[in-house]
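What follows is a set of notes on a single structure, which appears directly below.
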Amino acid sequence: MIEKYFDPSYIWTAFSQLMPFLKVTFAVSGLSILFGTLLGLLLAAAKLGKSTAARKLADAYTTIMRCTPSIVLLFLVYYGVPFLAGQFGLNLHDVHTAVFVVITFTLQFAAIMSEVARSAILSVNRGQYEAAVSVGLSPLQAYRRIVFPQAVVVALPNFANGLIALLQEGALAYTIGLIDIVGKANLIVAANFNAHALEIFIALALIYWVLSILIEQFFSLLERWLGRGKRTIKTT
Amino acid sequence: GSGDDAEGDDAVRKVKIAYDQASKPMSWIDENGKPTGYDVEVMKLVDELLPDYEFEFVGTTSDDLLIGVEQGKFQAGVKNAFWTEERTKKFLYPEEFLGLSSAGLVLRKEDENIKSLEDFASAGYSLAPIAANNAQYTVIEEYNNAHPDNPVKLQAGDSFTVDVVQWVNEGRVDGGVMIEGPFEKQVTAKDGPYHHLEEEVVYNEFDVIKTWPLFNREEKELAAAYDGAVKKLKEEKKLEELSEEFYGRNLFDVLDSVDR
Amino acid sequence: MQQSLNIPFLIDTFFTALSGVPITLAVTAVAMLIAVPAGFLLALSRVNEVPVLREITKVYVSFVRGTPIIVQIFITYASVPLILTALFEKYGIQANVYELNPIWYAFIVFSFSTTAILSEVFRSALSTVDRGQLEAAWSVGLTGFQSFRRIIIPQALVSALPNLATATVNLIKATSLGYALSLQEITLKAKVAANAGYNYIEAYIDIFLVYLILCSVVEFAFKKYEQRAARFRVQHV
Amino acid sequence: MLEFKGVRKSFGPLQILKGVDVEIGKGDVVVILGPSGSGKTTLLRCLNFLERADAGTARLGSLEVDLNRATKKEVHAVRQKTAFVFQNYNLFNNKTALENVMEGLITGRKQPKETARKKAAAALDKVGLSDKYDAYPVQLSGGQQQRVGIARALALDPEVILFDEPTSALDPELVGEVLGVMRQIAADGTTMLVVTHEMQFAKDVASQVVFMDDGVIVEAGTPGQIFDRPAEERTKRFLRRVLPDEYNYSI
Amino acid sequence: MLEFKGVRKSFGPLQILKGVDVEIGKGDVVVILGPSGSGKTTLLRCLNFLERADAGTARLGSLEVDLNRATKKEVHAVRQKTAFVFQNYNLFNNKTALENVMEGLITGRKQPKETARKKAAAALDKVGLSDKYDAYPVQLSGGQQQRVGIARALALDPEVILFDEPTSALDPELVGEVLGVMRQIAADGTTMLVVTHEMQFAKDVASQVVFMDDGVIVEAGTPGQIFDRPAEERTKRFLRRVLPDEYNYSI
């Protein structure tokens, strides 16, 4: 029964067909991460700052993002943004699909990132800041030279997790017609009249799996390199 | 049209024609990344006949095509669309249909005798899920509304994951709605991926249905221009050739019996 | 050319979307019921360094974390029937795999992925409990099993709760991909309703609202429970 | 009463205990002194099987076990006869003071809940915590937590209580509190083996003082012998360094 | 030299400092004693603006500031003239010993890197850490970390160094190390304000001893006055409790 439908050779052909579209996946995730990180840092600053209104707003934003499935957010942005723009007489119809995908995942990643940054900064003992100002650094210098370098090390693993999560949520961009690797897989399946879809999906899964392992490895190397001061030396 | 003589002519209007990029053989992106398929090829011919217009083909999902045409992102779209009552409220249908589509049930060999939706429903059989935005879904739904005492079990799903021939053959469902073209290419054709199942599944046509391009409601002129062009193509039997090429059968032979 | 929102439809479809909540919750509940004990056992296998099982768990967790859930759904939906039929044929079991309601696939996929996620949640929770707690339990004469049941697990549970809440919320959100399994949950129901009049924006606003309400309630419930379970951590002095 | 012989333990290449013998009579209070890293904690942990010794035997009343090869049952039996008071308390964080003391009685010793509650309350009263039954560990000060730890050990009514630096995590004011309780328990005739840096306590309470260094017992004797007339150079050097009246300011 | 007046501070409804005045001459070593919770740490933190006092003024040489309303600039100026040695060290975890000491000189005082390096090395040498320049804090023992903390303060060449229980996180052997260094610094004529529980150090080194309780200064005087002839009942009670030779065993 299985032999009738399953032909591993499709997996290999699928690889070569899918690979060229990795660059779309990378471009879209890369931009989302870049913008999402920037927005996320702003949100984190709001959450840690003195203004109650800004903090409440940032918290509410995070809750909403946490509670919205990616696919729903994707559609809301894709259809909602041009719709709203249309209400103001703005025509966004020539904007490329990828832009909406980037907007969606920027919004989502910012929420993840704001929590990563917030908890990382909080994890740096307040004494570090106090010691810095006590030797005559200004508060800004204390953050820049003492608190942030330590927070970055703490944030790295969570940042990597967020990155992997984003990459995977990005797989849903095919639903609005983006031809990244999942979109391409969709096209291959369609070109085969939906036959041998399983093999294509397996190829897709393997690509994602390898990617996420690479990301993990990269970040654990980075962490070791950045975390020199945290190295624990076993002393007797 | 896209003819060389039109270059630089101010009067030429560029319009976006969306097509479903994953609906072989009606419309899809070929190995070279170029749009093709019956629906697309007809529109290319139309383009050639319309010197005042230049068509740009935009591949997308069928959800997006519907919303995009409605919102005016695209001026028109082709996706092997049937005519339904609801759609007339959102879209402009032209006078002239685009092509014909044979809709049928894919069944196991032993169910060969089931020839219509009524038979299928009476047998209490299960049907493969159909994407909710697909007109096939509406066709079945309309049947069900007309036969409340003998409805087909209809389920919405995702076209990406449903391989009707495999599902029927496996026994995962008892039958599935399919357009003849894909079935042809998949099973009947010698190089089809399921040619080895030719003796196990059958395709029983229950209807031949006209398919239409969908126009944005503002595009009355474009639709009229289209009407003129298609009329001419039909007279030249160009469409029958394309039907033969993409569906392996000239569906215009049975045009007389088509009622929707 | 631009229309405004279809408000009556928006309201009607909100209730249609709401009617998908029981299915969403059923899938969530079943996945959790399976994943909590299974994930815990796998976490124990890593904490206690059970040879082969530990390696398998690692690969399994890495696969689930490394691949999009939609791809996991595609694969499961395409392969499980094939595999089951082959097995049934081989062992002569008379059962029809294909009479399965799609909800069973949802149970399989989401239990499979949630188990992996929870095994990580529990592993890190167990490692937050100080080893001294175990030693103290031994020193007052508790056996290993008693120590886990009465001292370690209650404490690990508390530190696991926030992550458990996140996992639950993520699971609820992930069921929105059930459309690929023809699962009659919130998203699919609203989309089918939208199809009649092509009111997609309204439908997605409704879906968004339903998830927002659902997840907020779940988060709130977890917070309340956490406060109760963590009373031993609250300082009243 | 309690006797152990030839206790050896290595961590990897590092030999921590190099053959230690100690004998304790019923009602004795034996204090172990020694510099940091000399193996005092490791010795106590081996006796309670929190670490597996590489070699050595222990005799506890009539029970004789091999510290290396003891079966699960023997380990359990030893733990039932002894109690351990941890340096950093190790109270069960998820249980109140009373529940902390009851846990070993109910789950470990299978005593009925009511009996356990009575015993636990009595033990807490003894260490002066009658008003803290329902407090969770985080709600207690360091000295109070350490006293709950002692009550938890006491309530088990063990043949020996092992104390590992019971005051080193406390601030100077709380030290007095805890040592006071221990002194009283000693006066009640409980057998105790105590690792501590509190010289005053050793002088006042110990029936025997053992000085350990580098994994061996250097010298043992009454407090008078050890503090006033130490025989070994190593002991003298150590005492000079730690006795409170003689701070050594050179770096 | 350093003088502060009427320092008040509340946390919510809790009044911690209820008007504290202290005066320190150049080269003085002032030791603040007092039970836990009496507000000693809070006082030091207010002087360095790690907490904002509710009221009070400080005069540091010619600089006079309002502890409640000081501007950013004034705060910075005070911090440039003082240095703080933290109870739990608070070394910069991401910097080596040398970098820890250099940081304040380079970034805070804008000194050229080379000058900073020389000063930092000299300060580390002074506390006996010539061989630990490149060690990260995790690679240092508690006593060594505390000495880096002291070097970090010394290198800034501040007018006053504030010490908050510089030895309470150390084990008995390391205490001697750190007190030795402090004694030497005191002998060099550095002005110091020290919160500590080490009575012996207070006796030996302090030019003035201040006894605080419950947010007020109960009594101040020379070590001889405070230790041998305390005037206040509260001071006597406290000394009885903490002096090492007089453990109080009653619960």
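In order of appearance the chains are A, B, C, D and E, and numbering begins at 1 in each one.
Definition applied: contacts are C-beta pairs under 8 Å (C-beta built on N, C-alpha and C of every residue); 3 or more make two chains touch, one makes a residue touch a chain.
Treat the numbers as computed from the prediction; the structure is a model and nothing was measured.
Undergrad: Going only through chains that touch each other, what is the minimum step count from chain C to chain E?
TA: 2
Undergrad: Which chains, if any, touch chain A and chain B both?
TA: C
Undergrad: Could you tell me which chains are in contact with chain B and with chain C alike?
TA: Under the touch definition, chain B and chain C have A as mutual neighbours.
Undergrad: Starting from the Cα centroid of chain E, hunt down the chain whose centroid lies farthest away.
TA: Taking each chain's C-alpha mean as its centre, the farthest from chain E is B.
Undergrad: Report the inter-chain centroid distance for chain C and chain D in whole angstrom, where each centroid is the mean of the CA atoms.
TA: Using C-alpha averages as centres, the distance is 47 Å.
Undergrad: Go ahead and note the Å separation of the Cα centroids belonging to chain A and chain C.
TA: Going by mean C-alpha positions, chain A sits 21 Å from chain C.
Undergrad: Rounded to the nearest whole Å, what is the centre-to-centre distance of chain B and chain E, using the mean of the C-alpha atoms as each centre?
TA: Distance between chain centres, rounded to whole Å: 84 Å.
Undergrad: Going by the touch rule set out above, which residues of chain C reach two or more other chains?
TA: Residue numbers touching two or more other chains: 1-2, 74, 78, 82, 85, 200.
Undergrad: Give the residues of chain E that touch two or more other chains, as numbers and ranges in rising order.
TA: In chain E, no residue touches at least two other chains, as defined above.
Undergrad: Can you tell me which residues of chain A touch two or more of the remaining chains?
TA: Only 1, 5, 79, 83, 86, 197 qualify.
Undergrad: Under the touch definition given earlier, write down the residues of chain C that touch chain A in their complex.
TA: 1-2, 4, 62-63, 65-72, 74-75, 78-79, 82-83, 85-86, 89, 166, 169, 173-174, 176-177, 187, 200-201, 204-205, 207-208, 211-212, 214-216, 219
Undergrad: If we count contacts the way the header does, which residues on chain A are in touch with chain E in the complex?
TA: Interface residues on chain A, with respect to chain E: 125, 127-128, 130-138, 141, 145-146, 149-150, 153, 228-233, 235.
Undergrad: Taking the complex as given, what residues does chain A use to touch chain B?
TA: 1, 4-5, 78-79, 82-83, 86, 93, 97, 174-177, 179, 186-187, 189-197
Undergrad: Residues of chain A touching chain C in their complex?
TA: Spelled out, the residues of chain A in touch with chain C are 1-2, 5-6, 63-64, 66-73, 75-76, 79-80, 83, 86-87, 164, 167-172, 182, 197-198, 201-202, 204-205, 208-213.
Undergrad: Which of the residues in chain C end up touching chain D in this complex?
TA: Against chain D, chain C makes touches at 130, 132-133, 135-143, 146, 150-151, 154-155, 158, 231-237.
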